[in-house]
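In what comes next, chain A is part of two complexes: it sits with chain B in the first one and with chain C in the second one.
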Partner chain A sequence: MADAGSVIEAVRRSEDSRRRSLSAFALAFVAFGVAFAAIAAARGEVFFLRLATEALIFGGLALSADILLGYAGMLSLGQALFFGLGAYVSALVLKNVLPSFWLAMLVTLLVTTLIGLIAAVIATRARGVYFALITFGLAQVVAKVVFNTPSLGASDGIIGVPVIAIDLGVGQVTAASPAAFFLFCLAFIMALYCLCAYLARTPGGRVLAAIRSNEDRVPFLGYPVTRARMLAFVLAADVAALSGALYPVLRGFVSPELLYFEVSGNAIITVIIGGMGTLIGPLYGSALIVVLKSVIGSYTAHHLIVIGSLFVLAVIFFPQGLIGAVRPSLERRFALRAAPLRR
Partner chain B sequence: MADMHGLIDTLQFVFAPQIVNGLSIGVAVILMALGLTIIFGLLDVINMAHGEFYALGAYLAVSLLAAGVNFWVCLVAVPVLMLPVGYVVERALIQRVFDRKDRHVLTLLLTFGLGVVLEDAFRVVYGPNTVRVDTPIGGAAQILGMYFPNYRLFVMAVGAAIVAAVWIVVFRTSMGAIVRAAAYDRQMASSLGVPVARVYSATFAFGIGLAGLAGVLLAPIYSVFPTMGKDFILLAFTVVIVGGLGSIKGAVIAGIVLMQIQALASLYISPVWTDPLLFGVMVLVLMWRPRGLFGALGNG
Partner chain C sequence: MNARRRSSFGGGSPSRLQPDVDTGPLLAVHDLSVHFGALRAVDQVSFGVAKRSITSVIGPNGAGKSTLFNLISGSIRPDRGRVVFRDVDVTGWSSNRLLDIGLARSFQVTNLFFELPVFENLRLAAQRLEPTWRAMLPTPRSTRALRRAEELIVRFGLAHKATEAAGALSHGEQRRLEIAVALASKPELMLLDEPTQGMSHVDTAETAALIRSIADEVTVLLIEHDVRLVMDLSDHVIVMHQGAKLAEGDPASVRMDGKVQAAYFGEAVHA
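Here is the complex of A and B:
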């Protein structure tokens, strides 16, 4: 019989190597981003920098979907609700109140936490497919209401959001500079990623992982399932909204399309293709999908057929996604380096 | 006395048309919901592509009509054509992930991906614009002093007949008994000689056929466009959830009740707010009964 100490040791070692390989992916992502920004800025690119910034923003949305799907095992088909909420709140603050980035973020955070809590009360009571369908319905209903509300610009959305300068204390980043704003978004989204990766390692995050593997057993161990699910839901809502809040800063407008099911669905596709339950996978997935879309887009307007098929194949053959396909070999290398084989 | 006349007039000219309207939409939603609920009841699969299969049925009808086929032939031919489509989808996609641990989520994702592909395929083949389908029965009938389009009355009659037929097949035939047995206890049914895998595929195909039938029936009323299924699927899901996933009786009752609520409420509130109203009803029902109003297919 293996003694408890060696089991705990083995679990800790496998978690360590998993964490280290995921951190390596995160560092590589930042390196790719910085290198891309340097090359693009040197060549005076605007279009590709803007596109990459958008990929980052939608990557943040996918990250929020992964918190729910990959950690808590909750498939949300309505993350666009919070993404759009963040975009609308930020646009309204920037346009009507004060063109201050941090104020917009603060208001977004407060509003989303409040609305996220209300939505969590409605949605997290439901389990499994019921949760998926309720989040789907919630987002569709809100999208329809926004689409028909004249004070929110109805079908036109909100246009004319001012171009702002973001005060960083030591200096300013203006949203008008493509490279600088791209780097700022990279830092912003990676900060969200680090926060989520940190929270996943806290006791609360471990309760989520336990719920995902066996929901019925967790309450018997004395952990509050409902509260953990609600907290995960609100956290995901905040991450989605803060990502969405960057959107009007980049584009200067928001439209009800941001709330549509296409956006939620796209986030799920991104999570699966990138690698569910890894947090960094969705960011890679978002970059990959934007690249695919623009490559396919140069041949045909119907990129959804290709991406949809790719998604279906990924669900069947690579449920661990891009990261999952690369990670095992990397993890083996880390494990070897950490502890040379002892006999 | 004048008040009495006023009341009757209100009933006749304000409420009655809305009730009939609600019934005709209700029939359409029930047909969609039936397919969804039967597929879930047996396979535990939420078919996110159901709306796209509904659109596929409508587009097949458009193609057949353009080829000179009679509408009444289409009404039979399209569901029959959809059967092999459903069978192949179940075999090629759903069976592949069926034995994995989180198959609820995986099958939902698969059918969602399929829906994305289908919707774009409609755009490629038929273009993004709306296609109109001529009403095969013109004119209107006068009932109780009001005029109703004949075709809507026909759709209601056909819808009621289909619901009755489905009920008879599921609850009163040996074929239905086999399906219910497979839904209730897969292992036991299998060891009694029920070809469970084939029953699964056939049931999925049957649900898809129903969606196709709904597509043909409603094409003359709502016209045909690539996202036509998406506008409908939320209503169908709401009905299925309120009725109880997997329950045929629940789908029918919830379909009628919810569509009446929608139709009558739109007399008082803006149509924009009827969706949140129905959604609110759904949330309330779920809080009261987390599994909807009625039990699942296997326990029927």
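Here is the complex of A and C:
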């Protein structure tokens, strides 16, 4: 039988190989991003740089959906509520208060945390399908309210958000430069990813995994389930909103469509295609979907038919998503490489 | 009664109470009742559980044993009566609050985190030994929880399965892990709901030895079908029948009790 000292060591090794395979995916994502930016900038591909920036922004939304679905086991059909909220708050601050990126982010964070808490109180009491329907309903209500509020631009949304320069302390990034702003968004979204990946590994984050695995048992370990679900909900709301807050900086406008179900539904599809419960998967998924849309879209206007079919096939043949399909072999490789060193 | 006080109370959780002085029983149930529709599932049941004892609740199927456990452990609220644990009235407390003051339970139907590794099942349970603020620090900082999980996984003979999913364990191993998980937070009182359910004779004997060994550090309240096991293990036995308490006492006197023999042992011993 294994002795005491080797148990923690074996557990650590097994957790390490899982963590490292995901870190490898994250590093590769950054490497792809930087390489893409270098090539696209050299060739002056403004359109593709802006498209890729949008993929990152919607990747942040998918990341937030994965916190709920992949970790806490909560299917939210209303993440667009917070994504749109972030976009609107950021647009309003930048246009009407001060064209300061960090102020817009701070206000977005505060407003979303408050509204996220209120929504969490309403939504997290419900489970499963009922939770999904409540989040769906909340997002629809807010979308319709925004659509009918003239002071928020009603159906037109808010246009004329100024092009801003983001102060980084050591220098500035202007949103007018597609390559620089793409790299900034890459860093921003990866920072959100790192935060989420860190939290998922802490004891608190692991309680979410426990809730997903067997919710009924968790109270008997001493953890209040509803509070944990609420915290996850607010965290996901903040991640979605901070991603959404980048949107008006990129596009110079926001519209009520950002709050629609299509956005929430796409986020879920992105999570599943990328790999649920991996956090990095949704970012790959978002990039993949944007690439497919633009490549297939250049051949046919009916690209949604193709993408829908691909989604069905992906769920049947790669239920673990892109990351899930590749990860096991990568994990084995890490395990093999790690083992001889420690023996 | 060997009501030895524990020198240290293990838990670093600030919400935990200080160990109280040996005034009365660790757990006292007064006049507890609950009904489901017309069925009086638990009917005016009162008893006490002394510190460091193994107390067993026996009775035929449908006698209300599991309902009694659910009432004590916060799963359902009683219609009437009180549950007093460590001199605190805990009637109607939520399960997570009860665990915080040292009342843990296991389940008759194995209730684990089947997708998670065996070690992680234990570590999650042991994490309650850490202060709450450590929940947002890296897991390796929670050394107390890790040591506790490690200690239990070795003691319960599951060390070689540490990184396997709990769902991949055999039935007997899962039943052992179920007890270990309940024990991980160093509770004062453990409610064990049919720990040997579905076990072979060999596994049952091993589990009995395990329960005896954990009784050194924790008070045990047990539901068990295996009468021989109960009589062998318990300091105190409570017999339930049709929701009410029929008799209680030490194993020998319960065995001699005429009412008990009529209602229960008559069939069960020869079954």
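We adopt the following convention: the second predicted complex is superposed on the first by the 328 of 343 C-alpha atoms of A that agree within 3 Å, B and C clash if a C-alpha of one lies under 4 Å from a C-alpha of the other, contacts with A are read in each partner's own complex, and residues count from 1 in each chain.
The rule is short, and it goes like this: contacts are C-beta pairs under 8 Å (C-beta built on N, C-alpha and C of every residue); 3 or more make two chains touch, one makes a residue touch a chain.
Predicted, not measured: the structure shown is a model, and the values here were computed from it.
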{"item": "First (chain B), second (chain C), both or neither touched by A:F311", "value": "first"}
{"item": "Partner chain in contact with A:V145 - chain B first, chain C second, else both or neither", "value": "first"}
{"item": "Chain B versus chain C as contact partner of A:A210, first or second or both or neither", "value": "second"}
{"item": "Touched partner set for A:R125, first chain B, second chain C, both or neither", "value": "first"}
{"item": "First, second, both or neither for A:L98, with chain B first and chain C second", "value": "neither"}
{"item": "Partner chain in contact with A:I134 - chain B first, chain C second, else both or neither", "value": "first"}
{"item": "Touching partner for A:G222 - first (chain B), second (chain C), both, neither", "value": "second"}
{"item": "Touching residues (chain side chain A, partner chain C) in the complex", "value": "1-4, 6-8, 10-12, 14, 198-199, 201-204, 206-207, 209-210, 213-214, 216-225"}
{"item": "Complex contact set, residues of chain A against chain B", "value": "69, 73, 75, 77, 122, 125-126, 128-130, 132-134, 136-138, 140-141, 144-145, 148, 261, 265, 268-269, 272, 302, 304-305, 307-309, 311-312, 315-316, 319"}
{"item": "Residues of chain C touching chain A in the complex", "value": "13, 73-74, 94-96, 99-100, 104-105, 107, 111-117, 119-120, 123-125, 127-128, 130, 134-140, 142, 145-146, 150-151, 153-154, 157, 159-160, 162-163, 181-182, 185"}
{"item": "Complex contact set, residues of chain B against chain A", "value": "40, 46, 93, 96-97, 100, 102, 104-106, 108-110, 112-114, 116-117, 119-121, 123-124, 230, 234, 237-238, 241, 245, 270, 272-273, 275-276, 279, 282-283, 286-287, 290"}
